[in-house]
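Here chain A shows up in two complexes: once beside chain B, once beside chain C.
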Partner chain A sequence: MNILFAFLIIAVLGLALGLGLAFAAKKFAVEKDERAEQILAILPGANCGACGYPGCSGYAGALSGGKAQNGLCSPGGAKTSALVAKILGIADEGAGERMVAFVHCRGNHELTKRDFQYEGIEECSAAHMLFQGESSCKYGCLHLGSCMRVCPTNAIHRDEKGNVTVDPEACIGCKKCTLVCPTKVIRMLPARGSHAIACNSRDPGPVVRKICQVGCIACKICEKKFPDSGCTVINFLSEIDYAKPMTQIADAAAACPTKCIVEAKQ
Partner chain B sequence: MAYIAIFITYIFINNFILSQFLGLCPFIGVSKNSESAIGMGMAVTFVMGIASIITWVVYNLVLLPLGLAYLQTLSFILVIAGLVQFVEMIIQKNSPALYQALGIFLPLITTNCAVLGIAIMNITEGYNIMESFSAGIAAGIGFTLALVLMSNIRERLDLHPVRKAFRGVPIAFISGGLMALAFMAFDKSLLTNLLG
Partner chain C sequence: MERLPTFSKGGVHPDDKKALSNNQAIQRLPVPSELVLPLSQHLGAPASPLKQKGDMVVAGEKIGKASSFISADVHCPVNGTITDLRKVVLANSVVTDAFVITPDASNPLGEWPEQPYDALSPEELLAIVKDMGVVGTGGATFPTHVKLSVPKGRTVDALVVNGVECEPYLTADHRLMLEETERVLRGIMIVAKITGPKRIIIGVENNKKDAIAMLRQEIARLGFPITVMALRVKYPQGDEKQLLKATIKREIPSGKLPLDVGAVVLNVGTSFAIYEAVAMRKPLIDRVVTISGEAMKEKKNLRVLLGSKVADLIAFAGGLDHEPDKFISGGPMMGFAFHDDQIPVIKGTSGILALDKEPSAKAPTTPCISCGRCVAACPMGLQPTKLYRLIEHRDYERAMAMNLMDCKECGCCSYSCPAHLPLVHGMKLGKRLGRK
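Moving on, here comes the complex of A and B:
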């Protein structure tokens, strides 16, 4: 008799709670946009923030609400933007070109002079606060690897000499490293670009020559001898216009006296 | 006076984590940074307070009159699990901001032994409904206190050169043990000295 009673009480209690919850679930249901969940399933899920929204779910919510522009997801690229456009029923404008980060500096402690030796917190922002870093060149890489630590895909590596390079295959274009770099030596360039200028110095040629062996000395050989290389020297620094054909860029790279035009896919 | 005694007892003397060793899972799991520690603490305090009232009602108005007091553990777990689900739904509907802050922690609390612990303790201590509620809130505050202290210690530990073998959870356990030792200083004599 007693056991039956116990069974009944627990059964009734469970039933009441179950019914109560079922009722509450209906009553307090939060309307969710199904498209947001579908989009979330398509997005890469790296939560890198390249789109400017807090994580993939934030972007999915903004997309389904019509508040965000399609194609901002750089890790997903054209494939993702096409799928998202299909769900939303809008025309796919494409994701734009795939951009990857590039460290515009090949200087290190052997090739570049130092004003002093920095010993402190292993963080570029901290080193930069002290006379803009230990290197005589105030435009270049600080070699402390803050960018490596923010990279969500571990695409940034540092070799034993301190040279920091981005693996263009692994880079998802989230721009986190460009934001954390105090000298802005990391910038984005189109992934199709075969070469890049590995210097960020705006110092005049003679100054660069004194402090760094691999800096751009603004000799204008690339610009004048190879007009189809796409290079233009602006403010003592050669820059490649990736919109131009760039047919002579390999020759220009070979002719560069300080070899600061380097292959971007290394 | 009785309420002050309850608060001092459950916050310091019988602190759920540091002297009863209940709810250790979130103590290690959610104490990595102080922001989530506070979130978890608030959620636990909230659930403990409400669970104390509901379980008191279930025990004294349903189980006791029917002579089924031995079903307390089973029915309490059932009630707490249902309650947490219900609270989660209401918060999600009415306060999305609070849901964002607590959301991940709420389901974790369902199976937290500290909540079941306070419910059973209220029964063994023979509290009335208001005393049960204050005991629930006080236990929650004690839980939050321990969690916040621990998270601050761990945030500082992250910046210190701890040996590799001790990094992370091991050093957290050692710190937790030392904190528990410190909390042993709070005992019944404190209560007698304070309240006479």
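Moving on, here comes the complex of A and C:
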């Protein structure tokens, strides 16, 4: 008798709640945006956040609602932007140029002087809190690989000497690595660039000479002797302007006394 | 035996190592051949330089001007010449501009005769404290005039003076209480005149019985309305929050200041500096620094001109006995490890320690075994292990929601962790990255 009673109560309760749910589903139904669904299917699904939205679905929603600019998906590139433009029925302005991350430093424990030996949490920003890192150069890579751990495509590698480099083929341009790097030594550059400056030091040449064997010593050979290399020395550091013709960059790289102009396709 | 009061939540009992230096009377460090005087020796905005390279300066002259309300003036410790203004790195990794000063070889020091100050009003006293560049000498270096500026309408119930010196090794405040008792007490009475408290309490840990007795004797002789409270030894009792709990049984709520519970807290070193500022019009240009640690040949308490380099202090203490595992500026729990003996002593430098491996041992870290010892040790009632894990996963938002910003960086969690996790280092990292 008791059991029957309990059974009845549960049954009635179940029915009531079920009806309620069905009603709620009807009443509060979200109108599915078909275009958002279509766009989501086109987006690469990397959920990397390069577009600035929380994941691909966030961007798809914003695009279909007309709230976001097309072409922000760096992994998708030009192909994706063209497809999205078609769905939205807008003109395709093309994706921005494909950018990849690059670590602007080749200094390591063998090539760069150290002030002390860091012991502590294996995170670049943790090491950076103590005297901006153990290296005498305060602009370079700290080699603790924080960027590696946030990279969604495992595009960043560290060799046995500590050098941290990005595989430009695997990099989808999400910029996550640039956000965790305390010295901002990992930055984006156009993927088409054949060369890059592998140094980030704004110390004057004589200082760099004393502490690092592979740093830019601001000798200006690249800038003066190879005007078509794209190199300009600003704040004791050579910088390449990728918008300029770079016909002489290979020659400049060969002439650089510290060999800190390196091939970007590592 | 009666149980002495202390704070209730958390805390640890590291070996206090005070016996190494607590019998050493304060000695004066001879004027070094060069001083490096940073413009940022305090919490808040750096002072702006008032002099340039090549200028002649006299002892006590203001050479750096407070650049905002929370900032402090910087004064020249000697007669001499400014030979440079350059960037230096301090023990706490702060990069700041500093004057390089060559003291006049024949007559480097100034003179500050005592003068009457009884007739001065509280406002005038406060103005002098500010003008003399006084900041908290306990280590946090908060500008003292800010602390003593009680907003209108607020009343101060208790002035609590910190004679705890809870960090191991440090004995500078202990020696001041013993050797400069009257001046410390007079300094406290000046603060009392500025802030008008209903009661005045000095809290001293019971490992300084001689100081407690001396303070009581002098208070009786001078007839000051000050109570000395002997406190049970427990780290970090010298923190404002723990000290107020131990002495007047008040809790400062999260994110609030002592003044919010009607208290003003300052330490004995600062009281002494206030006495000198007011009674002698002497700016804060020197301080007592403990030189200690197993690797130091002689242990000392030295009265040092600000801007003296650590190397000068170590040399005066007979040099190193052997290569230390690390140098620490301040105490071993909250101090800063440094590697360069050219860093200068500043207003907040309470000690220079050369430590062997043992006290700051670096055993290999293992994963957290969830023993909960860090939670039990945290005086702020935080959950260091959880916070650490969140910070490892870069989830600063949730760490903030778990009151990460309440962390005092006292080091109790790291000290008690059997897995040797660098917990406090993680807290510092999380606080820094989470604030952005």
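Here is the rule we go by: the second predicted complex is superposed on the first by the 238 of 266 C-alpha atoms of A that agree within 3 Å, B and C clash if a C-alpha of one lies under 4 Å from a C-alpha of the other, contacts with A are read in each partner's own complex, and residues count from 1 in each chain.
Simple rule for what comes next: a residue touches a chain if its C-beta (ideal position, glycine included) is under 8 Å from a C-beta of that chain, and two chains touch if they have at least 3 such contacts.
Note that the structure is predicted; figures quoted are calculated from it, not measured.
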item	value
First, second, both or neither for A:254, with chain B first and chain C second	neither
First (chain B), second (chain C), both or neither touched by A:179	neither
First (chain B), second (chain C), both or neither touched by A:90	neither
Partner chain in contact with A:116 - chain B first, chain C second, else both or neither	second
Partner chain in contact with A:129 - chain B first, chain C second, else both or neither	second
For the chain A and chain C complex, residues of the former touching the latter	115-116, 119-121, 123, 125-126, 129-132, 150, 180
Touching residues (chain side chain B, partner chain A) in the complex	58, 62-63, 66-68, 71, 74-75, 78-79, 82, 85-86, 89-90, 92-93
Chain C - residues contacting chain A, complex	89, 93, 337-340, 362, 394, 422, 425-426, 428-429, 432-433
Of chain A, residues touching chain B in the complex	2, 5-6, 9-10, 13-14, 17-18, 20-21, 24-25, 28-30
